[in-house]
Structures are given as structure tokens and as C-alpha cells.
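Note that chain A is present in both complexes that follow, paired respectively with chain B and with chain C.
Right after this comes the complex of A and B.
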């Protein structure tokens, strides 16, 4: 890691410079409490204290809700060619838990088989992170995700009169070299950074207990009544999946164009909470009940990838809690599960 | 940035099928047809090697893609066969195709296949129900082509009606051989039926092999697994020597779409064949 300082008075110039040379995607005020990550043309458009976004900006760029995968041409014979689309972009202002969510997707899409549709976009993305204020439903600190140690090129922490800047990659280093007004850090800057991090971490108020969660989850796995109670109000709408920064399930389908000669294979986000998810030909459904679907979503978020990668796929952003009309709350449910087995 | 796929001069991603031709089609039953498929590009065809129990993703362009097990012998390198039941979008379209038609093929997929190397020097029992014959037929052929490497060999095959029996002529021919024991059973016998009646679990009791040197392979509808396993347990067959092929919804076949996950396993990349020992430790597997 390379550490630098950038004065507040230099920051706007840095952004102007960045915007003049790159396509920059950053947070812009939308309606109410929400901001949206869009193309930024002027540093003044940037909503520096954004708190909520419906989607993770990283997922929006790297894993769009629909994406063409293969183009085919039908004539006397058929030709098929893979489609890999990407553009060089700078993602500015993504917070720590969304970077960690992206890190999960990075790992997922390059495990077993390499998904070049994702990887090409990821390689073309420059990531500049900065902290944002957690909502009352955020529990990123319990998911080891309130702080990012990788996945970004530069990360800005706001120490008041100056930024404490971490550069994690060569790309980040180049950005610093291209704007020669970054300063070296002093011992005091590190002390100030530590003080800053303490204040930052104190903003995460939600308290959950996840001690031995994997084992406890196993032990209540077959308690049908508990799961029926937890899932009772679920509408099976899938909003929790759609807003999650780490949900990656998709369907693949073929589409044929009006000329009847060309078409494409494409993917679309799917959602494990809707009944069709487990449906196969012959009308057999591997997961027909909503309580089983909720149980499997929690398992996927809190168990599966802890076992596979050593880290949960849930980053604790709280989006699924805010999106759920039935008020189903993963943080409360973790506590409920823990209470079932408490000594 | 240069991507791997572009370096090779053609854009081929994990989702891009290779073009292939259906060279032969034959009726197996009123609902299942056999398709012989040859990959068009010679280099790709030569590189296409599979293990018994693996599957391919087949595209009918414009309609979609579905996974199918490969029932033919891995030793046949020029082409492979698929056995397809007429049941949904892709399979209906396939049934309407004629020889010479083009389809897309990706694969072979599945890191979990029938461990034929480990089976060598042991007795092998295959228990198949209905269309579960498709994935195990590859193993059946493979073993018969190298018969002396294995001890005793049995096939138990159950179907609802005699009309549903797949590879009927082949079964009759195999019955003439004395190095494989074949037992068939149906739920609804017709007047000509001379073999067992009832579910295939009934025939497990006749197996005389000791658990010490016996491998068992099971493939059929989900309901069959529960009963077969109870029977095998009663006879103390070892869970680590029993192999089952699982079916789930699959959209990609390469571990990305997640539809086939069972806990922390994916049927497409970790299976589709799992040992009973693995399945026991996976909730909701059967």
C-alpha cells in the first residue's frame, strides 16, 4: 500500500482533471434519501455525503441486469460468437462495503470457470473509494466489510482539512503520479487516520451476534416452525435479491431478432426468492415453499461462502432490509436464530 | 487489454457454444429419441473427451439451452449420443429436427463423474430408473469395453411401462452375455412381460456381493433415491462407494448462474455425480 495526503483545496482540481481525461461514474442526488451513480461531467454534481443507493454501483457496471453473451447468425449454416463488452471507466465514491461486495463478485466470477464478460469490465474499471455514512440498517462492521483492504485503486478518507489516501494498485499509483500535488504522509497523519477510523466505526450502531453462527444455523436448519415464522410475511417478490450487491443468480435465454436470421444468447438477473427459481421441466420444483427459499437465501449469504472462501457473501449493507415491503430483516433474523440456541 | 479469447483469434467465452451437426436420429420410446451429434470443427472434436457421467449444454439457436448427459461410450471419439425426453421448449424443438440440423454444444461439464478408475478390480452394480438410464449407459458401455478390469457386473433397470424401456434391443443383446447380469422390472406389465414387476428396490435384495469390494451407481427420479438408499444401507454397502447422479435446474453449466446449488456445492461443477457420503452431508440433496 502506498500512502499519500491530498489537501482539500486540491481535491476539486484532482476531480476536474480526472473527469477531463476519463469517463467518471459517481454519486448524484436523486430523489429523497437516495442517490444514484451516473456519469459525472462536473465535480459539483457529485453528492459527497450520499448515504443510500438502490444498487451497488459496482454491480451495476460489472454485472448489468441484462447482458448479451453470444451473437448468432442463422443462414444455410449457423455461426456463433461470444460477445464481450467493456469500456474504460472510473468509479468514484464507492464505499467500503460495496467494494467488499465487488471483491466477492470478483472472486466468484473467476472461480472454476472465468467469466470474461465480467472480468473484461472489471479490468477496465478504475475504482476510487471513499467512506459513506452507514444507515441504521447497516451491519457491515459485523461482516468485516466496513473497511476495504483491497479492490480499490485509490481510497480517500476525509480527515477534515485533508484526505488520507491509500493506493493499492499500480493503476492507483499512476493516478497519483499524473497529479503531482499529492504529499507524503507524516506520523501525525497516521495518528489522525486512526482517530478518524475510530469515529467512523462508531457510526455503525446495529448490534448482532454471530458467534458460531454456522454451527447454530445447522442446528436450527430443520426447525420448520421457526422458518415458517420468519418467512410468514414474505411476498416472494425478489426485491431483496435485486438490491443486494452480491446476488449473482441469472437466467440464460435465446432471443431471435425480427429479421429471423440473427439473435443473441443473453443473461438476466434471477432471484432465488421467487417460486420459479427451482422449477424444472415436468413441473417439479426443488424449492416450492417460501420458508425454504428464505432459508436458502440466508444460507447463501451467511454460510456457503464462509465455507468456500472464508468470507460471507453478505457485506451487511442493509439494502435488502430497506427494500423489503414485508419488513423481513436479515439482521433481526440472525439475532432470532442465535436466540434459539442461546445458553 | 487483450483477453484470452481474443488472443486465440476468435471470440469464445464460457457461454459460446461450438457448432455441431445432428447426424442421426432414432426413436427409443414414444417419448425419447436418440441423437447422434458430431462437432463440426475437427480440432474441437478431437479435443472433446468426456468421462462417464458428464453432460453437455445443448443450444437450439433462438430457443434456448438445456443440459443433457452423454449416454454413449467415451471411447467413441468421432461423435457422441444424447437421449432426450420430449418435455419442454428445447427438447420439443430437438424432437422436431431432422438429421443435418445444426445445434450448439458446450462442454463436457461436471467434475464429479463416475469414478471408473477406482471401480477397477471391484464388483459394479448399476441401478437405473426410467430416463436415469441415460447418464449411466456411458459407464455401462465403458465397463463392457474393458470388462476384464472389473469383477462381477450387474444392471438393475426399472421403468413404469415396458414401452418406456430405453435401449430395448441393446438390453436384449446384453442378456445373451454371461459377463453381465441384467435384471429389469416394470410397474405396469403387459401380456408379454416375463420379468420382474414392481419397483427396482425389490431387486436389490438379490445382490450377493460383499460391501468390501462393491461399487454401486444409482440414477433415477428423486423419489427412487430415498428407497434405494434405505435398501443399500440395510445391506451395509459403503456410502463412499455408492454414487448418485443429481439433477437440478441449470442455466449455465459452468458454476455461475447458481440455480443448481445445494448448500455449498454446485451440481454442475462439483457434480452431477456425488458419492452418497457427500450427499449425506448436504442438506436437501435428496
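Right after this comes the complex of A and C.
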């Protein structure tokens, strides 16, 4: 890791320089309390205080909601050609938990199989992180994701009059070399950065009883009444999955043109909370009940990948809580579940 | 085997579903190459009673409609109901809430006897419908998908999940966050969340999903200041004929 300092005025110029040379995707005010990551043409467009985005900017770019995978042509034989689309982009202003969410997707899409479509986009992406203010539903601090140690090229922490900059990759080092106004760090800068992180961590208020959750999960697995209660208001609308920065499930479809000879295979985001997810041939459904689907989601987010990768797939961003019109709240539910265990 | 012959028929409605087929523009030539359109009320003057597939828009609201729909049923092998009026009865069903005679009187006054009006019913009250292309207007690409699937002998993939799925895929801010109400959580997707994309609440023009959480939806709307009457009028806008399961 390379550590540098950049003055506030220099930062403006750094952004102008970056925007003039690259396609930069950054946060811009959208509607209500929400911002959205879109192409930025002028540093003034950037919403530096953004708090909420419906989707993770990294997932939106790397694993788009709909994506063509294969173009095919049926004649006497079947010709098929893979479609891998990517563009060089700079993702500016992504926060720590969304970087950690991206790190999870990086691992998922390159473990057991290599997802070429994801990987090509990932390699073409430069990631410049910065902290954003957590919402009241954010519990990233319980998921070790309020701070990122990898996944970004550069990370800017705002010390007030200057930025403390971390470069985690060769790409990040080059960005620093290309803009010769970064300064070396002093011991005071490190001290102040540590103070800054202490203050920043204090902004995460949610208190969740995550302790021993994994060890105890099995014991509540078959408590049907508990799960029925937790899932009672669920619409099975998938909003929790679809706004999750780490949900990776997709459905593959054939889209055949009207000539009935050409077409494309495409994938689109799927959701384990909708009944059709578990539907297979013969009209059998593995998870016809919403309580089983909720249990599956909590297990996938909090247990499965902790066992598989040593890391939760949940980064605690709180989007699923904010997107749920039925007010199903994973943070509250963890506490409810742990209370049940202690009885 | 020649190209399958298709008839496109209009019953009681605004005619917008047929217009949606004409709006296919880029795909229209491909469509008329793939099938032989022998009747298309809104687009061609020629007519033939020889067709295998009938695409039907509009609901059945007169005795004359009943005669026509029964004739189509006796000819076509495959019936596709196109649009909310054909699928669920659509907006026309609001007439049933008043009662046929009362509605005729309200609209036509002392001339009400000139009007041959019966209880509004969707197409499947008279014919076995093979495929439904829901919505007001229907999604024209879904109509193509149904025709294409018929040609290929496979099932079209028509979503039974709620509008929220498409809305989130599109990255929309929830319209509830914008201070409005929406029937999206219990309504069938397939429209690409058309209304929420324009920051306006879903009105369930494609009907409700198979297992809607109606209690949660009622609580949600009540929380946003709607009375039971407001809630029922939201549900009934497109679904009064088939809304009995959500009362």
C-alpha cells in the first residue's frame, strides 16, 4: 500500500484531469434522498455528500441487470459466439462497503468457474473509493466492511483540509505518478487518519447481536413458527435481493428473433425470494413458502459464504432494509433470532 | 406447411392494443413475414374467416360481441387475449360496479334503451384462452414473444413476479420514497416497470400476481393515508371483474 496526501484544491484539479482523460462514473443527485452513479462530465456534478443509492455502483457496472451472453444462428448447424462487452471506466466515489461487496463478487465470479463477462468488465474498471455517510440502517461495522483494504486502486479519506490517499494497486500508483501534486505522508497524517477512522466508525450506530450467530443458526433452522412470523409481511417481490450489492443469482433466457433463426442468450438478475426461483420441470417447487425463502436468504447472506470463503456475503449496507415495503429488517431479525436462541 | 394464419380482432376497448402491434415498427415486417395476417381490424381492409390464431383485444360488453367472439372461437385453434380489457375486462368492468342499467342511464339518460349493453366480461368468460398478453397497453414485445413461441411450439416466458423486480433491475427510486403510492408489490411485472420508470405508481393493469400479499399491501396503503374506499378503487381500476379474490 502506498500512502499519499492531496490538498483540497489539488483534488478538484485531479478530478478535472481524470474526467478529461477517462469515462468517469460518479454519484449524482437523483430524486428524493437518492443519488445514482452516472457518467460525470464536470466535477461540479458530483454529489460529494451522497448517502443512498438504490443499487451498488460496482454491481451495476460489472454485473448489469440484463446482459447478452451468446449470439446464435440456427441453420443446418448451430453457430454460437460468445458476447463479452466491456469498456474502460473509472468508478469514482464508491464507499467501503460497496467495495467489499464488489470484492465478494470478484471472488464469486472467479471461483469454481471464471465468468468472462464479469472479469472483462472488472479488469477494465479503475476503482477510486471514498467514505460516505452510513444511513441509520447500515451495519457495515458488524460485517467488517466499513473499511476497505483491497479492491480499490485509490481510496480518498477526507481529513478536512486535505485527503489521506491510499493506493492499493499498480494502477493506483500510476494514477499518483501521472498527477505530480500528491505529497508524501508525515507521521501526523497517519495519526490524523487514525483519528478520522475512529470518528467515522462512531457514525455506525446499529447494534446487532452477531456474536455466535453462525454457531447457533442450526438450532433455529427448524423453528417454523419463528420463520413464519419473520416472513409474514413478505411480498415475495425480490427487492431485497435485487438491491443487494452481493446477490449474484441470474436467470438465462433464449431471446429468438422473429426470423426464428437468429437470437441471443441473455442473463438477467434473478431473486431467491420470488416463488418461481425454486420452480422446476414437473411443476415442483423447492421453496413454495415465503418463510423458507426468507430463511434461505438469511442463510446465504450470513452463513453459507462465511463457511465457504471465510467471509460473509452480507456487507451490512442496509439496502434490503430500506427497499423492503413490508419492513422486514435483517438487523432486527438477527437480534430476534438470537433472543430466541438464548431462551 | 404454410405460414400460420392470424386474425387480429377488436372488441370493446380503446383500440390501443392493436395500435401497439402497429407500433412494433422495427419488427413489423418480420412479423408479417413470419405469419399471414388475414384480419386486422385497425390496419387492413381485407378479411378472411380462415385463420388458426386469433389475437383478441377488448372485453365483451354487448350481445353482438358475444356472437362475434363465439364465431371466432369456432374457427381459431389458438386464442390469445391481448390487453387488460380482453384479459381481465379492464377498465370496462367499472360499469359492472354501477350495474348495467344504472350505467346506461348515467351515460345515455333517456336514450338508454338504444344501447344494447350486458355485464362486462373478459374473453375467457366465453372462450378457452391459451395465452394472455396483459397490460394497458400490453407490452408489444410480449405479443411478439407469444407469437414467436407459438411458432416454435414452446411456452412464452411471462413473469408472475411483482413489478418491484423490474423496478429494481431498472434502478428506480421506489415511488413510495417519492411520496406516492403504488400497487407494484402485488402486481404482475412484464411491463418493464413502465409507470414507476416515470416516477408514477403502478395501477395493476396487468392484474395481480398469483399469491399477492394483500394484507401487507392494505397496511402499506393505509399507512400512506389511503382509506379502505381509496384502496378498493385502486384495486378495482383494472381488476373489478376479477378482483373478488382481493376484497
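The rule we apply is simple: the second predicted complex is superposed on the first by the 341 of 343 C-alpha atoms of A that agree within 3 Å, B and C clash if a C-alpha of one lies under 4 Å from a C-alpha of the other, contacts with A are read in each partner's own complex, and residues count from 1 in each chain.
Assume a contact is a pair of C-beta atoms (placed from the backbone, for glycine too) under 8 Å apart; a residue touches a chain by one contact, two chains touch by 3 or more.
Please read these numbers as outputs of a predicted model, since none were measured by experiment.
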item	value
Contacts of A:133 with chain B and chain C, given as first, second, both or neither	neither
Partner chain in contact with A:269 - chain B first, chain C second, else both or neither	second
Contacts of A:66 with chain B and chain C, given as first, second, both or neither	second
Chain B versus chain C as contact partner of A:243, first or second or both or neither	second
First, second, both or neither for A:278, with chain B first and chain C second	first
Chain A residues touched by each partner, larger count belonging to chain B or chain C	B
Partner chain(s) touched by A:116 [first = chain B, second = chain C, both, neither]	first
First, second, both or neither for A:253, with chain B first and chain C second	both
Doubly contacted residues of chain A, that is, touched by chain B and again by chain C	253, 256
Interface residues, chain B side, partner chain A - complex	1, 3-6, 10-17, 19, 59-65, 87-88, 91, 102, 104, 222, 247-249, 251-252, 254-259, 261, 263-264, 269, 283-284
Chain A residues touching chain C - in the complex, by the definition given at the top	30-34, 36, 54-55, 60, 65-66, 233-239, 242-243, 253, 256-260, 268-269, 271, 274-276, 323, 325-326
Footprint of chain A on chain C - complex, ascending	27, 30-31, 33-34, 144, 147-148, 151-152, 157, 159-162, 164-165, 168-174, 176-179, 184-186, 199, 210-213, 215-217, 219-220
For the chain A and chain B complex, residues of the former touching the latter	69-70, 72, 74, 77-84, 108-109, 111-117, 119-120, 123-124, 221, 248-256, 263, 265, 267, 270, 272, 277-282, 284, 286, 292, 296, 299-300, 303-305, 307-308
